Amino acid sequence: MVRLSLEELYKEVILDHYRAPRNKGRLDPHDVALERNNPLCGDEIELFVKFAGDDVEGIAFEGKGCSISQASASMMTEKVQGLPAKDAQLVAESIKRMMAGEEEGDVETLGDLISLKGVVKYPVRIKCALLGWNTLLEALEEGGKTSS
Amino acid sequence: MVRLSLEELYKEVILDHYRAPRNKGRLDPHDVALERNNPLCGDEIELFVKFAGDDVEGIAFEGKGCSISQASASMMTEKVQGLPAKDAQLVAESIKRMMAGEEEGDVETLGDLISLKGVVKYPVRIKCALLGWNTLLEALEEGGKTSS
Amino acid sequence: MSMDVDVIRKDFPIFETPANGKPLTYLDSASSSQKPRQVIDRIVRFYETENANVHRGAYQLSEMATAAYEGAREACGRWIGSPSRNIIFTRGTTESINAVRFTWANQNVGAGDEVLVTEMEHHSNLIPWQLLTQEKGATLRHLPIDDEGLLRMDLLGEYITERTKLVALPLMSNVLGTINPVAEVAAAAHAAGAKVVVDAAQAAPHIKVDVAELDCDFLAYSSHKMCGPTGAGVLYGRIELLEEMPPFMGGGEMIREVWADRATWNEVPFKFEAGTMNIAQAVGMGAAVEYLEALGEDAIRDHEVRLTKYAMGRLEETGAIIYGPKDVSKRGGVVSFNLDDVHPHDLSTIVDQHGVCIRAGHHCAQPLMRRLGVPATARASFYVYNDERDVDVLIDAMAEAKGWFA
Amino acid sequence: MSMDVDVIRKDFPIFETPANGKPLTYLDSASSSQKPRQVIDRIVRFYETENANVHRGAYQLSEMATAAYEGAREACGRWIGSPSRNIIFTRGTTESINAVRFTWANQNVGAGDEVLVTEMEHHSNLIPWQLLTQEKGATLRHLPIDDEGLLRMDLLGEYITERTKLVALPLMSNVLGTINPVAEVAAAAHAAGAKVVVDAAQAAPHIKVDVAELDCDFLAYSSHKMCGPTGAGVLYGRIELLEEMPPFMGGGEMIREVWADRATWNEVPFKFEAGTMNIAQAVGMGAAVEYLEALGEDAIRDHEVRLTKYAMGRLEETGAIIYGPKDVSKRGGVVSFNLDDVHPHDLSTIVDQHGVCIRAGHHCAQPLMRRLGVPATARASFYVYNDERDVDVLIDAMAEAKGWFA
C-alpha cells in the first residue's frame, strides 16, 4: 500500500467524514450508551448502540474533538452497523493491532478503513483514531455480546 | 604565613592536643553544660563552663570524634580559660571568620590558634574544627554573658 | 540592550537538527524550553570532572560537587531576589507546590478553613489544593477572571475572608499569558492572616521575579522552562515558615540525629532535601540562571513583548480568536488561539509538517478551558531564540491548514 | 565473561582528571557511582536532538522525547524483571520510599498496626516509617541483626505478627554489605497479610534483582548509584496495589479529567507522575541500564566478589576491624572498617591526599552505628571500574595515616 501524505490522509479520508459524519446524533431507544474521552486533547465520544439478537442493529455517536477522532468514529459506525457483534469486535481489534503496528491490516476485513493506517505515522494521533473503536469494544462488552 | 601541608597540620598542631587533650573531663560544679554534635561525622562535644563574674573561670569538655574536632576543642578551652566572656566571644568569632575565609586571622588575638587556619584547605573539616567554638558561643549566651 | 536572535540561536544545538525535514520552528517553550550549549556543557563538565555525592564525603571530589551544588543554590536564589538559605531544590514547580501541601498546609489548614485559587490555574496548582481541602474538610474557592482573562480583583474582598488560610495563584498564566498583580493579592491575603503560594513556573523564565516585591510566602519555579535541565526546580519559602514547618520527605541528609524510633532535623534548607538530590540538575539550573543573567532580564522581556505584539497582530489577520489580555504589557509571550473549524490538535499536526512545534489541548488547565467555553486551544509561546520569522512560518503553515479545512 | 577494568575505565571520563594531583582512586560508589561516556552522551543527545516535553505535544519532537522516556521505562523495568507498567519514575530511592508512605501506607496503616524494619536501615528507609507510625499511632519495630551483621531470621516469627501491615528492608546494606534473604522475609510477611517494601538502592547496581523472585510489593532503586545521572530513580509496585492506591503528588499529566473541585486520575503508572518529569534523567538511567546489561550482571557480581575478597584480606592485614559478614557470598562490595585510633574522618582526609576517595561517617545509618558500638566507620566500596590496584593504593595510604597517629 502506498503511504499517504498527511495532506492525502486528511483530504481523501478524514475530511469527508469530519464534514459529513455518518450516524451522528443520539440513538433512541438504545441498549447501551457510553461516554468516553481522551484526556490529552479533550476529544469526547458518546456512543449509542442498539442490538437485535447478537447483531449491532443500530449505532450512532455524539462527540466533539479533532477531525481524526470524529472521522474515525463516523467510519466506525458505518462499518459495524448491521454486523454481528462478534464481527464488529474482530474489526475493532484488527484496527487496534494495525494502529499498534502489530499487523499490516487486512483489506478483506477492513475495506476502506485500511486508510486509517495513515495515522500510524503520527503516534500522538493514534489515540484520537482509536477513541471510537475503544468505546465500541466497551459497549459490546457492556451489552453482554462479547467478553474480554 | 606559610601554608601547612596536611602532614604538618596534623603533626605540629592537631595530634598533640588530640593525644593529650587539655581540660578534658567533666567540670563540677558548672554554670552551663551543653551537648552538641556534628551530624555529618558524628562528632560530639559536651562543654562545661563556670563563670566568675563575667569571666570564664573554668571550662572543660567531654567528647569523641575526629582529631580535628577534639584537638580544636582542647585548644579552645586552653585559650579562653580565665578570659572575660566578651574576649572569649571575640576570639571565637574571629576563628569563625577565619575559617569562613572572611579574614586572615589576627596573630595578636589568636596566638597559636592561627595554625587552625590550615584546616581551611579542607572545607568538609571546617565544621569539625568549629564544633567546640560554636558550642562555646552558645554556652556564653546561655550563661547570660553575651547576646547574639 | 536588544537581543540578537541569530547569535543566541547558535547557542542552542537543537536548531541544527531538522524537524520533519524543515528547519525547526520551536514555539512551545511554555511547555519546556530548549537548552543552550552552555548549560549542556556545564552538566557534562560536572559528570566528567566533579561528580560525587554532596555534603557527605570528606574528600576533595565531594567538596567540588558540594561547591557546585551550593553555588547553584546561590544563583537560583539570586534569580528571584532571595538569599540561598530560603531555596529548596525540588524536581520542579509541581513538586514544590506539593511540598507546601504536605508540610505547611497540612499543618495549618483545617476543617472549615478556606484555600483560594483562581480560575486560571494549571493543574499543578489546583490538584494539590483539591486533595488538601478534601482531606481536611476545608473549602476550595476560585477567584473568577473576566472575559479578557484578568483576575477579578474587584471581588478579592469577597473571596479572601477570615477563614482563608492560603491563597495560591500563578504569577503568569500558561494559557492566557496574564501577569497577575500578585503583590496586591498578597497584601490582601496577609491582611486576612493568610499565606500566599506563587506558581512562578511561567513567570520566572520570562519576567523579573522578586520575592520581596511580591511579598509572597512560598514561590515555585522550574528549571526546564528556563533553559535548564529537566528534573530540577525550586521552592522558595519565608525563613520563619521553613523553620517551623515539618519536613516533607524523610531520608538521608535531612536529619540531625536519628534514633530507632525518632529523629531531629537538619537546618533549613537541608531539612527539606531528603536523600541524594538532583545534584547535576541543580548545577545545570544554576548555569541556566547565569545564561539568562548574561542576556539580561529586561532585554528578554522587551524582546518577548515585541514578538508577542507581532504574533497577536498576525494571528488576528488569519481570523483566529485569541484568548487573554489584549494589552501586551499585561501578559507574557504565551498566545492561545483557535482558528475557525480547525481543531487545535489537527492544526498542530499539520503545522508540524512544516517543522513548527505548537501546543494543542487543554494545557493542563481543564477548568479554565470550560471557563473559556472551548475544549482546547492551540498555543504558541516564545523565548529568547524566537523572532518574527518564526511567527511568519507559523502563519504560513496555518494558511495551509485553513485551506485543507475550507 | 570476565571484566577488563582497563577497558571499562576508559569509558569513565572522570578518571582523566587527577585528584589532589594523583590518579583518582574512587572507592565511594556506594554513595554515588561515576558515569560512563555512553550515559553522558545519551543525555547530551537528548538535549541536542530530542528535547521536548513528553506525552503532551502533537509534534514530532515531542513524540521522540516520549519514545525515549518510555523506552527508558522499559529498560528500568527489565533491569528488575518487571513490565514497564509497574515502573514509576522518581528522583531516587528516597522519593520512591516516601511515595509509598504517602500513598499505600497512608491508606493502609492505622492505629495499633505495626511496621517492621531492620536494625540495618539507611535513614531513607527508616525516617518515612518513623513519621508514618508516629502520625498514625502505629508501632515501628526493628528486626535485630547478629554480630556478623546478618538478619536474625530466627526471630522473624516474633517480629511479624497479625498486626504487621508493612515490612520494609534493604536487599543489601550500605554499611555491612549484607545481602538479605528478602524472598524469605516476603513469604513470612505475606503469610501474615503484610506488604513488603524493598530498598534496592545498593542491590540494584550490583546484583541481580528480580521482583518476581523476591515476590515483593514495592521496590525502590536509584540511577546515580548505577552509572546513571543524578535525579532519577524508580518505584516498582505490584499492579493491583498501584491501581487501588491514591496518587502521591497532584499536578499536570497525572489526571484524566479535572473540574474546579475534583479530578479523576490517569492510568498507572502516569497517575503517579505529576508535572514535568525528570525526562532527560530517566533517559540517562535507561542508558545506564543498557551499559550495565552489556557488561553483564553475572560478570559484575563475579568481579565484585573477587575484589571484595581481596580487599577484606588486605584490610585485615592492616589490623583494621571489618564489619559485616565474613563470607563474601553473603555480601556486596561495600566494606566498612575502622583502623585503630585513626578516626574515619581523619583517615578519609589523609587518604584523599593520595587521590583516594572513601566515605567516613555514619553512612546515613545512625541506629546501626549504635548497634555496632561505634560513632562512625570508614567505608570502601567497589564498582565495575575498580580493581585490585585501587585496593593497594588505599592500603598504602592507610599505612601513612597509621604512621602519623602512631
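Letters A, B, C and D name the chains as they come in the text, with residue numbers starting at 1 for each one.
Rule of thumb we're sticking to: a contact is a pair of C-beta atoms (placed from the backbone, for glycine too) under 8 Å apart; a residue touches a chain by one contact, two chains touch by 3 or more.
Treat the numbers as computed from the prediction; the structure is a model and nothing was measured.
Shared contacts of subunit B and subunit C, meaning chains that touch the two of them, come down to D.
Taking each chain's centre as the mean of its C-alpha atoms, the one that lies farthest from the centre of subunit C is B.
With each centre defined as the average position of its C-alpha atoms, the distance from subunit C to subunit D rounds to 31 Å. Inter-chain centre distance (subunit A to subunit C, centres taken as mean C-alpha positions): 38 Å. Work out the mean CA point of subunit A and of subunit D, and you get 46 Å between them.
Work out the mean CA point of subunit A and of subunit B, and you get 78 Å between them.
For subunit A, the set of residues that touch two or more other chains comprises 40-41, 122, 124-125.
Residues of subunit C found to touch two or more other chains are 56-59, 62, 255, 257, 345, 349, 360-361, 366.
Within the complex formed with subunit C, the residues of subunit B that make contact are 37, 39-41, 122-125. Contact residues on subunit C toward subunit A in their complex (touch as defined above): 343-346, 349-350, 353, 360-362, 366, 369, 375-376, 404-405.
Residues of subunit C touching subunit B in their complex: 55-59, 62-63, 66-67, 255-257, 266.
Interface residues of subunit D, counted against subunit C in their complex, comprise 13-14, 16-17, 19-20, 24, 26, 28, 31-32, 34-35, 40, 43-44, 47-49, 51-53, 56-62, 91-95, 97-98, 101-102, 119, 122-124, 126-128, 130-131, 134, 140, 142, 222, 224, 229-232, 247-255, 257-263, 274-281, 345, 348-349, 352, 356-361, 364, 366-367, 370.
Those residues of subunit A that touch subunit C in the shared complex are 6-7, 10-11, 15, 40-44, 64-68, 122, 124-125, 128.
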